[in-house]
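Letters A, B, C and D mark the chains in the order given here, with residues in each chain numbered from 1 onward.
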Amino acid sequence: MPNYAYIILIPLLPLAAFVVLGLFGRKYLRGISGVIGTGAVLISVVLSLWVAYGYFFSVGKVDGVYQPVIAWKAVWLSFSPGLSIDMSIILDPISVMMIVVVSFVSFMVHLFSLGYMKGEERFGTYYAFLGLFTFSMLGLVLSGNIFEIYIFWELVGCSSFLLIGYYFDRPTAVAAAKKAFIVTRFADLGFLIGILILSLHAETLDFRTLIQRFTEPSPQLAGITSASFLGISLLSWGLTLVFIGGAGKSALFPLHIWLPDAMEGPTPVSALIHAATMVVAGVYLVARLYPVYALSDPAVLQVILFVGAISALLAAVIACTQTDIKRVLAYSTMSQIGYMMFALGTFHSGEEGALGYTAGMFHLFTHAFFKALLFLCAGVIIHKVHSNEMRDMGGLRRSMPLTHGCFLIACLAIAGIPPFSGFFSKEEILLAAYRANKFVYVIGLLTSCLTAFYMFRLYFSVFWWREGGVSAGDHGEGPASMKIPLVVLAAGALLAGFVPFSRLVTFDGAAMDTPGVGVFAIAPVMLAILGILLAGYLYRKESDRPRKAAGVFGVLYKLAYHKFYIDEIYSFVTKKIIFNLIGRPAAWIDRNIVDGLMNSLAGVTARISAGIKGFQSGRVQDYVLYFFAGIAVLAVLFIYIYT
Amino acid sequence: MNLSLLVLMPLITAIVVLFSRREGGARWVSLTGVTVQLLLSFGLLILYWKERAAGSMGMLFEYRHVWFKPLNIWYHVGVDGISVAMILLTAVVMVAAVLVSWRVQSWDKEFFVLLLFLSAGAYGFFLSLDLFTLFFFLEISVIPKFLLIGIWGSGKKEYSAMKLALMLMGGSALVFVGLLGVYYNTGGAAGPYTFDWPVIAQVHLPVEAQRRFFPLLFVGFGIFTALFPFHTWVPDGHSSAPTAASMFLAGISMKLGGYGCLRVAVSLMPIAAREYSPVIILLATIAIVYGAFATMMQKDLKYINAYSSISHCGFILLGIGMLTRTAVMGAVMQMISHGLMTALFFAAIGMIYDRTHTRLVERLGGLLKIMPFISTIFVIAGLCSLGLPGLSGFVAEVTVFMGSWQRTGEAYRIATILACASIVITAVYILRATGQSIMGPVKDQQYYGLADATWNEKLAAVILGAGIIAIGVAPFWLSDLLNIK
Amino acid sequence: MNQVPLSHILFVSTALFFIGMYGLFTRRNMITMLMSVELILNSVNINFVAFNRYLYADKLEGVFFTLFIVAIAAAEAAVAIAIIINLYRNLHSIDVEAADEMKF
Amino acid sequence: MWADTILSLRQELLVAVIIFLLLFIKVGAAAYRTEVILHLVNLLLLVNFALGFWEYRDSILFNGMFHTNKLLVLEKNILNLGTLIISLQAYSWLKDHRQATEFYILLLSTLMGFFFMISSGNLLMFYLGLELSTIPLTALSSFDLEKRQSSEAAMKFILSSAFSSGLLLFGISLLYGATGTLSFDIIAQRLDGSAFQLFAFILILSGFAFKISAVPFHLWTADVYEGSPITVTAYLSVISKGAVFFIFIQTLYTVFKPMAGNWYRILVLLSVLTMVTGNLFALRQNKLKRLLAFSSIAQSGFILAGITGSSRAGDASVIYFILVYIFSNLGAFGVVSFISTQTGRESIDDYKGLYATNPLLSWIMALSLFSLAGIPPTAGFFGKFFLLMAGAGKGNYVFIGIAALNMVISLYYYLRVIKAIFMDSQPQPIGKLKIPLLPNIAFLVCLGGIVVMGLMGWVYDYIYSLSIGF
């Protein structure tokens, strides 16, 4: 087996960038910090492409099956024999695929930010944070140890917190950052407990050993399935809790509330973290443990299936009503991730039962390109019009043709119009869903139709809607450093679909030839086109059709517009219940009862001492009287009672 | 290496400080002293590793000298991994504490003398292997705290100082009785009565005696480490104390309790420990969760940190109570991690208070714009406190969780899960504090023009932060250092 | 000749003892209180002499003790009187109730 | 023969010599300056202290009336040292006092009384020693003739002590009636713990309890301490109490050994009562003298706890504690008396902000109080530790627990003083005070004793090697 040790450089380079820029970025390297960060990531990109090439085409396959490889390993913290957190690097199709995606998109964003964030006061800090995030994300995807992945999981969350709160003097940004961190932290609690449960019974934290012990008949598997809590086997508990962790990161219903607010961060950050990479970590986590889910506990897989489907549909519906361009994109992200999730959920033990796995990963791959592209375009637009609101835009297609083109490509891709990349992955997903569960298939269709609709609603109301558009203070579409990423990503969005994905990333590592999608593809594409046409009809020209249409849906529209009031429910629970019903009483009890007890001890002592002061009356006759009484008492006690 | 040097060094420094004539000479002298002490401690660490590598077991560098012969009381010191770690911690915190109290105006000599005296007590405590010596050093540390808080403190300082002194004395009174109980149960067949730790560890105390005296010892030491419901001295004491004292108090003094629980109560009375462990775990869990919730409601930064200390020290007691090897190791790690973290936190708060003259969260805001360095260390301390990987807090808590989870039995599992749940609450209150005071718009116009940290403050923060990160990034050296049997 | 039994004498002395104590408790006048103390001492003397004479006639320890007690009682009385006189100078009263400035 | 007697009596004799010397000076009316007399007395006391270190063989004189052995010599020397310290501290008070000579005559005769008392082998000798010390003491306590409180204190003192000695004598007479002897050794053989003897014992015990001011026989203490001149108060609180404890523990351990079972319970009860009452009263005091009075009551409670150990460790720890207690208590009283003679201020509030003006005095006060409270590294910590440790030897941990908690209560009022000195401030704090040489020496001796005593384990070893127990 060749020496993969240099792989460790891929995450370490961004880390180095973080350290250097974090220490000196603010004062000394302010000017060139962007270059440093970008350079570091560029090297990682090259390395990861090299690794990918090497893995997929030269060494990865052993007799036709891609083997997972532990490229590097070191004990980090050892609890007890066999149970230790190792820092290890695992190479298998999905991790290799992920490092390519992550480093590539991250590089694009670094590049884009050179222009976008120019002149920011905390430019160096920004790049430091980007470096930290890239490091953590790469570490996450390369982790070969379930606790290692948790570590990077947390780090990713932290860097996301830092980047969302980058404009820290905006209260909304601070609130959003807090929300994102706390919600994901809450989900991670599930993850942590899941890890505890699984690791305790697997007696290991290493992924490969754990999967092996839980998929093949083994004492560990017997133990964890036989043990049960509240009538559900601990295996299901563990897997569900781990999935909850993933759902939190991936903003699946009902833990999605943080994602739209997270758009308070700088737009490139949203492109990187909240569209292409971090939010798919949940999907990746499930994929990482997929064998266990698929082979040992189908029940949990059902949960995943439906959670994914619901999130997809719900987000799509909400997205149709939002007016903040980044929020629309955020909800579409959520919806697409829902897609990936239920794709994973569609496993069934028929032939090509694991098609969903490949499809989900494939969609993850393509989605990264067009969603990043969408966000970067949005960035350019916002950079130009200094507003996130659609109504401030419109008719921009003349003033910014390049952006227009890229945006259109991205929209077509996400809408699943052939031959754009989204088409292929989506078709596979729908196919898998069709084979697994018709109901979910219908939801999928509906979602894809809605997707097409709201994306083009966005497209039309930004680029068409009213003529002219803003031209005041028109400074083109930004410098080359902003244009190049658009073009590159657009190319990606256009071509990514043609990657022979099912030959590379499959459940069992063996190549699998994609089932012909020809006839099957008609329905979804038709629906997508229908959505597009509807959007065009409503938003191509400035009119009051949208309002009418909204009126038609009435209550539903209102609900969707207010995101089904989920935020309100949450804030009610936290503010009213947690704070007022638990926190406040706890603090009060501590001050008044527990502490009061301690103080009252002193008080009682003082009162007693005040009570008995009368004995010291100052009269010598009382003194001698007490003296004599004392003798009498002693005499009585010790002569008659104690003897 | 002669361990008594570690006790003598601060005392010598204190004496030199007393005779330092020049204006501001006191702080320089004490800085030199504590730096030398830090170097000594590192030397100890290296020698310790050498010895262990050479394969010598048990306590190292032992030194015995008869003190009160008729009562078989000895001055007996020696170290194992835990004590070495705690000594290092103390040395680091002391350097930082001296550095942050650079601008003590009134009676600076007395201030530093008391501080050094306090540290001498802590060193002695961690070193001693004779229970009498141990108790001696334990009680030494009470009065300097009283004076430090009462003289240089802020707020209702006299009340807090008195409360702290009395509650801690109450604790040590219980310890005292417990120790006597142990002493009078060592004798008989095993020879004369003794306070000598290794000897007692050999003779197994009668179960009856264990049942009677374990609670005394555990609660007594527990009061020092904020055992629920005897924790109420913590918020007042910490928040009234001057910065350096708070750092030492929360960083080191609270650890005396944990160390005592482990070294004396649990390790000398294993049977009783096993019997009482459900109670301990219950109290610890209450402390963790309830402390966290109480913290959520605090408005004063120092109170926030003080209450969070209650919650965090709950982890120490939880780990000790769970009695599994991993959990106990986690408890010790938590002692060290919390020591560094809370010291850093108090240092940051102190710096903020020196400048803005307020500690109320709602009055602060946007400090990140005005004093980036201080805000950064504040955030780092906060992240460490909410257990972010890469910082020491995570390592310690995770070890405690893993260890506690290994204890079989549904009740223990639930306790563990509750403890885990507390990390979410921790996140909530840390982020609320950070979000309001560090981030957000600048609340008060006069905050503009406030200076960032001075060199000494920066140095202090860097020293503590280095410790935190060193443990957080590479915990293996620590876990090797304290391999608990 | 038949002699008075010891118990009678002890009874007398005990009575004397309690009379003295009663006086000490009730009298307001310091001089009187002093006299009551003397009564107590005398009851002790009677005890000693009686015991010596009736039980341990071979040695004279009791008697000697009595002598010493008498002497010391005299000294005590002298000092007490001096103190009381001095107190009278400051207080212009020998009522013991008057002298309770220091209390609690 | 004579030489032997003289050498055995060397300490008593020297004290007697001093007394007569002073008498001659007074009667001869030779106009010596007071300073000269003071220096002379201090010097001779120092000589006497030195004599104490001269080891001479044990002996029994006056057919059993008078014992002497190394332990007794040591105890007398401790008392002598205390007296010396007190007289040094009293220097600034006495040097312009008209009756300095009388003061010393009285003081030293009490000292001689104590000497005879603690080396008495016979109830008669014991009684003589006791009275020889008590009567001058009462005179001393009214030494400020024109102060109302002083004479009131003296009156209370003499009346109650006369009463207590009456009861003591009654007890002695009963004991004599029961055993037919006055000599300790024979009594010890003839005791059988019958109700009659027990009653006699309780009466005798009450006499001791009165002297060591154990509750409920303590009520005179606070008033007398408050009223008397502070020097006398200091003397009462350490020397007189210490001496009585010495003889008390000896009689308990030797004479009343057969009754050990009975007096153990009595002592436990008295000890608890004494500690609790002393502390509870001390909590509320604002006059320092009164506070120290009640604190000294509480201290005797702790000493009683040590006595209950009834082992060699018990005896040794009691003597050790009294030695330590002399240093700590005299340190505190020294500061109080110095300040009150200079400024006449004696309440805690007067001490506010003392540290700003008089750091040295403040530290002496602080260390003495810490030592009284039993805080390491002061010697008091070791004293208390050993007392309770000896007490715990009987396995009565509830009792020891109560004692330990009482240490916490006592800490509160000691810390109140510390707080006033270090933390509070007042409009007109006590001004800067210049400490003359002799009091300064006394302070340094106390300070040295407080600081180093605990670290010198051999002191305890020596005491232990001499001490008795069963």
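FYI, a contact is a pair of C-beta atoms (placed from the backbone, for glycine too) under 8 Å apart; a residue touches a chain by one contact, two chains touch by 3 or more.
The structure displayed is predicted, hence computed values, not measured ones.
Here the chain-to-chain distance from subunit C to subunit D, counted in touching steps, is 1.
The minimum number of touch steps linking subunit B to subunit C comes to 2.
Note on interfaces A-D and A-C: more C-beta pairs are in contact across A-D. Chain centres here are Cα means. That of subunit A falls 78 Å from that of subunit D.
Mean C-alpha positions place subunit A and subunit C at a centre distance of 98 Å. Subunit A and subunit B have Cα centroids separated by 37 Å.
Our note on geometry: subunit B versus subunit D, Cα centroid distance of 42 Å, whole angstroms.
Those residues of subunit A in touch with two or more other chains are numbered 602, 613, 616, 618, 620, 624, 628. The set of subunit C residues that touch two or more partner chains comprises 24, 33, 96, 99, 101-104. Each of the following residues of subunit D touches two or more other chains: 155-156, 159, 163, 167, 222-223, 284, 412.
Those chain pairs judged to touch are A-B, A-C, A-D, B-D, C-D. Considering their complex, residues 312-313, 316, 370, 375-377, 381-382, 385-386, 388-389, 392-393, 395, 397, 400-401, 404-405, 407-408, 411-412, 415, 418-419, 422-423, 457, 460-461, 464-465 of subunit D touch subunit B. Touching subunit A in their complex are the following residues of subunit C: 21, 24-26, 33, 96-97, 99-104. Those residues of subunit A that touch subunit D in the shared complex are 602, 605-606, 608-610, 612-613, 615-616, 618, 620, 622-624, 626-631, 634-635, 637-639, 642-643. Residue ranges of subunit D in contact with subunit C, taken from their complex: 123-124, 127-128, 131, 135, 138-139, 142, 145-149, 151-156, 158-159, 162-163, 165-167, 169-170, 172-174, 176-177, 180-182, 222-223, 226-227, 284. Taken together, the subunit A residues at the contact with subunit C in this complex read 613, 616-621, 624-625, 628.
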